[in-house]
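Structure in C-alpha cells, see below.
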C-alpha cells in the first residue's frame, strides 16, 4: 500500500535526523514504508497540513508542538489514541513523563504522543566566563544574579565592561552581550510562574492574559529592563543583524535563554566551551514545557501502519535515535536517563539540568487560538523591550487585543 | 452563360456608414472588369466584399456560379492585391510570393520555382531574398502583384496594383496582366484610378460613384456614350467640357432634334477646334504643355470655361483671342436636371 | 543665387547596398523640382536624405543656404509626404494635419483652423474626425498631403503624393500644388512616376536612374532634348521609338550631317505619320484605343517595332498594311554605343 | 546589477565565519564551501532537475496557450472577446492565496497531488492571464490587411497564427517566454502546497529550507540562490538576444 | 484555440476563486465543514485592527509603488528600445533582478538590508564614523523601523519591474517606424513625441500594465513580507493584505474570515481598476485604431 506520510518541519539538520529515524525503521521492519514530508518551518507545515486536510488528503502523521496542536485537536482532525495505546504491546504510558503526556490530552483523550519533554535553560559560554573571571551560573540562582552576571559579561572590544544602553549612537557598541532572550510569552511564562503569578486567568479555560498582576508585572518590568535599563541584551537592530543563536555561536553572547532545541546547532561549536544552567528563580523554580508530539490524523487511510511507525518512534529505539541528535530531551523516561541523552562526551556536560527541570515544568494553556496570541504578544513585547513602550500601555494592549482571540478559542 | 462573378444587389457598410448601395455587377468568366471611380467611391470595398473580407448587408455574391455570400474568404478561391500591399514583413520576397502556394500544400520546391517565375514576370527577380522593409514602394507593389499572380484562382482582385509604378513599367505590367488574362482566361476585377489603364486593359469598365454603379460598359461605350455627366467628366483628362446646351457654344453643323427640358452639352478637349475662323470667341487663360500635346484653358465671353487640346507645336499664347468650334458628332447631350444622358 | 536646396555629390546606402551615387542637384528657392525615375531608382531615398532620415555616405546637403548635412531632421525645416503616408493611426484626420503645427507650439485653436483649411484644400474636409484606419487609400493620401501643406517649411518633400488619386482629383490637386507653390514661393521636391504630373507641374525635372542623375532640365528640355535614350524612352508613353539611324526607317526630308559612328534615331509615337502614301511599309500588329487617341503597334519589314499615335476615329485595322513617315524635325539622334544624345 | 554582484560575492564567502563588519566585494578567504554545502544540504541538484523538468514542459506549453488564446481573441466576435478579456482581468485580481485550497481539492480529485502536474498546470492559463492579454494587444496591433491577406489565402486561423502572427510578434514571444520561465522557475507557493515528496521538490522549496539555516551560514544560502538564479539568467540572456536581433516589423 | 486557456481560466482560477469567495459567508477553518456565517466575517473585519492596518499598508504601497514601477519601466523601455552600444547590457541589467527566483530575491534583500552587516548600510556608513553615515545620521534601520521597512519593501519591488519593462519594450518596438520619422521631420521634441505618439499608441498596453500592477501589488508584497520582514517591524508595519490573508487563512485557520478579507481586497481592486479605467477612458478611443 501507500507509504505512511509523516509531516515534519525543521532546519536541514533536523530533517536529517528524521530521515535517519525512518531509515532505521524501514530497515528494522521490512515491508513498512514511511515517507517524510518536509516543511521548512512551522508556517509552511501549518499551510500544508490545513490545505491537505481541507483537500481531503491529509498526511497520516504529523509532528506538532503542544502550543499549536490545539487548533487541530479542537477541530477533530486528530485521531484519539487511547484504544491503540491500550492495545499496544509496545507502548506503556507509564514509561513517559506525565507532564508531556498530559499536554496532549484533549477533552480527556490522549490525542498525540509526545516525542520529547524539553524545557527552557540558560546556555552559557564557559570560555568567556573564564576569560572575564565571572562566576558561572549556579542552580538556584536568582533573577538578580542573572542580571548581575549579564552586566559583567557585557564587554566592549577591549574586554571592558560596558553598558549597552549608552552605546546607542555613542562611541562603542558592546562586542559581547551578556544575555540573549527573546521577549516572548513563552520566555516570560516560567518567570511569571516562578514569581507566583499566572499568565492567564484560568489555565484550563483561559479568557484573558493576566500580565497586570503585580507578580507578572514585576517579571515583565525586569525583562524589559534588560534592554532598557541595563543594556545587556542586544538591541533590535543587532538582533535583526544577527540573531541570538548565531551571536552565541560566534562567541559574542555570554548567555542565551533558549530550549534544548539549540543544542544540535551548538554542538558544531569548536572555538569555545559551553554549558547549560537552569533558569533563574524568583520564588520557586518553575520550568516551561517544550514538547512535540506525533499525531495521527483522523482522515488517514493508513492508520494501522502509521500507528506501527508511531510505536517505533516512541519506543526506546526510536527515542534514542532522535535523542542522539541532541535536539530533544526524550519523553521516554528511561531513554532520557541513558547515555543516549546524557552522553558526557557530547556538550553540554550538564544535560542533567533539563532532567532536573522536568518535575517543575508547567505547560502553557492549550487553546486553539494560541498561535495568534503568541504572534500578537511577541510583537507587542518586542516593542516594549526595544522601544521602551510604557509598561501600562503594553499590558493593556496585550489584554485588549488578545481577548477576542481567547474568546474565539476552543479548549480541550 | 457561365458567370465569373456576380454581385446581386450588394450593399455594404462600415459600422453605420453605408458604403455600397445595391451594387449589381456581373463579370463573365474570363472577362477583365475594371472598376473606376473617384477616391472614396467604394472601389476597394467592392473587392473586399467579393473576397469576403466585409460582410454584405444585403444582396448575394456569386463566384463561378457558386453562391459564396456566406462562404469564408478562403473558400472563395480568389486572389487579391491589397491597396496597401499587405506583404508579410517577416518573409522574404520569394517567401511572400510562394506563401499562397505553400499554405495550399504545393511542394516547397515547386512553389519556390513558381514564385521565382512570377517575380520574373513583374520584374523583381533580383530582390527575392529581401524583406519588404528593404524595398521601394514600387518594388513592394510588384511583389504584391506577383503574390496574386502566382496562383490560379477563380477571380483575381487587383486593387490599384500598378499605382506606384512608373509609366514604362506600368505599360509593361499592363501588357503582362493582359497577356496573363488572355493566357489563362482568368476572371479579373481590377480597381484603378488610371483611366488609361482602364481603357487599355478592360473588357468592360464599371464606373462607381458614392457606392453606386454609375455605368458599366466597354471602354468604347464609356468613352463614346457616357451615361451621365459624372462618367463623362470622370473619364478623360482634362475632363469633358460641359456647357448649357442653349448656351454660349453651340456646334454649328446640323443640330439633332432636341426636347423641351434643359440640356447640357458636353464635348471633350480633343473635340475642340481652335483654329476656326468662325465660331465662339474666347481668350486663352493658361496653357499646359504635355509632350506633344498642349491643353489650352479658355474662357468664353459668358464666363464659362472650356479646355481644348491642341498640338504643342501650334499652341496659342496665353491671353490670345481665339475662336473655337465643335461638331455635333463629338458632342454629348445630358439632362441638366439629372445629369443622365439624353436619348433623343 | 539663393538656393532652396542643394545636393552636392551625395551618396547614400542601405547597409551595404549603395543606392545613390554622387547625386548633384540644386533647386533654387521657390522652384518646383520633380524627380522622375523608374521604380527603385532611388527617388524616395533622395527625399529621405534631404529630410535627414538617411545619413549620406558622402557629399553635403544644403537647405536655404545652410549646410544641414549633420543636422537632425527636425532642424531642417522641411515637410514631407511619405510614400506610405505615415499617418498617426491614433489621431483623427484633423489631429494628424495639425500635428506639425501643434508640436511647434501653434495655439491649438489656430492649428486646428489651419488644419481644417488644409483639409478643405485637398478635399477631405468631411473626414476630419475619422481615423486613418477608416479611410480609403486615396483619402489617406490626401490627409498626408494636407499635413505637409499646412506648414510653411523651407522645402516641401512630396513622395508620390498623388499616386492613389483618380485623374480628376489628381488634376485638381496638381493645380492646388502649383497654386500653393506660386502663392508662397515654396521650394518643392516632388517625386512622381507620372510624367503628365511631371510635365505639367515641374519648373525643372530631374530624371534619376539607378541612383544617378541622368538629366536635369525644364519639362520642355526633357521632352524635346532628352539627354539619353533612357530619358527619351522613360518620358513619354508609349515610349519613344528607337531604330538604328541607318536602318529601316529614315525621315525623307533633308538629313542633317551625321558623323561616322553608329547612331540611333528616335521619334515619338506622336511624330509618326501613318497615312503617308510614300514611306516605309509596315503592318499593324495591334491597336490600343485610349479615348480619342489610338496607338498602333507596327512591325517594319526588318523586324523592328514602331508605335504610332493616330486619332481613334481614323485608326487602322489590325493586320492592315500601312506606310509610315517621320520628319527630321521630330527625330532625335543618339550615340548607339553610349545612348547619349548626338550633338552634330 | 550591484545586488547580483553582492549575491555572488556573498556566496563565495566561507560559511560559519562571523559577519564581516566592513564591506567586502571580494571575500577573503574565497571559498566554495557554500556551494558544496548548499548542494549537500538542500538537495539542490535534485531540485534543479525537477525545476528544469517543470520549466521544460510548462514554459513552451504556457507560451503556446497564451499566444493561441491571445490570437483567438483577435479573431472571435468582439463581444466574446470582451467577455474573455474581462474574465482575464478578474482572474488577474484573484490573489494566489485564494486559490490554493480549492485547487488542492481539484488536483486531489484528479489524483494529481504529489506529482509535478500541479506545478505545470498554470501553463494552461498561460501562467498569467496578463500574458494572454499582452499577446492579444500585440496581435491586434498588426495591420488588419495582413490578416485579410491570410483569409484570402484560405489559411486556417491556426496556420495564420503560426505562419504570420507569431513570427511578427517575436519580440513579445521572446519577452514573455523569459517571463514565463522566471515565474515558473520561482513558483514557490504551489510546490509548497501540492508537493510532498522531497524528490519532487523544486528549487524555491529547496531554497526555502536553506533559508532557515542560521545567519552565519548565509553563504550557503546565497550559494543556493546563485544556483537558482543562473538558469533564469541564461534564459533571459537568450531571450534578450532574440529581442535585439529581431528587426522586421510591419512597415508602412 | 481558446479552449485550453478557457479551461485553465475557469478551472484553475475562476471556479476556485468563486469557491473561496463563497466561503467568505461561512465559518470555515479548513478542518471542519463550513457553517453558515452570513455577514459575520465582514462585520468582524470592520472591527479588526490588524486588518485595518494591513489594508492601509496595502493601499499606501499600491499608491506609491505602482506608479513608480510603471514609470521606471516605461522610462527604461523608451531609453533602451533602440539598438545601440551597451543597450543590450543595460537591458539585461534591468531585467536581472526579475530573473532571481522570488524566494531567493527576498532572502537576498534580507541580507542586503541587514542593519549592521548588510551591504547597503555598510555602504551608507562608508566615510562616516561610529556607525553613522557620512552625513552624521544613523543609517536606515531597514528591518526595525516601520517607515524604513515599508520603504525597503517598495525598493525591493521597484527592481522587479522587469516584467513590465519587457512588455513595454516589446510594445514600443512594435510601433511603426515611419510614424516616428514623420515626427522627427516635424521636429517634435522628445516630450511631444512621447506625449502625442508614444504614449497614446502604447496606451492600451500601459493601461493593462497599470491595472495589472495595481492588482498585483497585493501580490508583490507577499514574498517580501513573508520572507524578509515577516510582517514586522511590530506591530504590523509590513503586514499587507496578502500576508494578512495568508496568516489568517493558513496559520490561524480562519479560512472563511480570510476569504472575506480576500473578497474585500478584490472589491477594492475592482474599484481601483474602475477608477483607473475612467482615468484612461480618454485614451479608449485609441483602442479602436
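Each chain carries a letter (A, B, C, D and E) given by its place in the written order, and its residues are counted from 1.
The rule we apply is simple: a contact is a pair of C-beta atoms (placed from the backbone, for glycine too) under 8 Å apart; a residue touches a chain by one contact, two chains touch by 3 or more.
Given the structure is predicted, the values throughout are model-derived calculations rather than measurements.
K.L.:
Fewest touch steps from chain B to chain E?
P.N.:
When the steps are counted carefully, the minimum from chain B to chain E is 2.
K.L.:
So which chains are sitting against chain A and chain B at once?
P.N.:
A chain counts here if it touches both chain A and chain B, which gives D.
K.L.:
Please find the two chains that have the most C-beta pairs touching each other.
P.N.:
Top-ranked chain pair by contact count is D-E.
K.L.:
Specify the chain most distant from chain B by Cα centroid.
P.N.:
A
K.L.:
Using CA atom averages as chain centres, what separation in Å is found between chain A and chain E?
P.N.:
Going by mean C-alpha positions, chain A sits 37 Å from chain E.
K.L.:
Using CA atom averages as chain centres, what separation in Å is found between chain D and chain E?
P.N.:
So the centre of chain D lies 17 Å away from the centre of chain E.
K.L.:
With centres defined as the mean C-alpha position, give me the chain B-chain D separation in Å.
P.N.:
Measuring from centre to centre gives 56 Å for this pair.
K.L.:
Let me have the rounded angstrom distance from the C-alpha centre of chain B over to the C-alpha centre of chain C, please.
P.N.:
From the centre of chain B to the centre of chain C is 21 Å.
K.L.:
Quick check on chain A: which residues sit in contact with 2+ other chains?
P.N.:
Within chain A, residues 47, 50-51, 54, 241-242 contact more than one other chain.
K.L.:
Can you tell me which residues of chain D touch two or more of the remaining chains?
P.N.:
As it turns out, chain D has residues touching two or more other chains at 19, 100-101, 208, 211, 249-252.
K.L.:
Can you list the residues of chain C that touch 2 or more other chains?
P.N.:
In chain C, the residues touching two or more other chains are 82-84, 86, 133.
K.L.:
Help me check something: in the complex, which residues belonging to chain E touch chain C?
P.N.:
It comes out as residues 176, 178-179, 181-189, 192, 196-197, 200-201, 203, 286, 288-289.
K.L.:
For chain D, which residues count as touching chain B in their complex?
P.N.:
It is residues 143, 145-146, 148-149, 151-156, 159, 163-164, 167-168, 170, 248-252 of chain D that touch chain B.
K.L.:
Within the complex, which stretch of chain E touches chain D?
P.N.:
Spelled out, the residues of chain E in touch with chain D are 1-2, 4-9, 11-17, 19-21, 30, 83, 87-88, 91-93, 95-105, 107-109, 111-112, 114, 116-117, 119, 122-123, 126, 159, 162-163, 166-167, 169-171, 173-174, 176-178, 204-205, 208, 211-212, 215-216, 218-219, 222-223, 227, 241-242, 245-246, 249-250, 255, 258-259, 262, 265-266, 269-270, 273, 289.
K.L.:
Going by the contact rule at the top, pick out the chain B residues touching chain D in the complex.
P.N.:
By the definition above, chain B touches chain D via 48, 51-53, 72-80, 82, 84-86, 88-91, 99-100, 103-104, 131-133, 140.
K.L.:
In the complex, go through chain A and note every residue touching chain E.
P.N.:
Counting only chain A, the residues touching chain E are 43, 46-47, 50-51, 53-54, 71-72, 75-77, 169-171, 173, 236-238, 240-242, 369, 371-372, 375, 378-380, 382-383, 386, 401.
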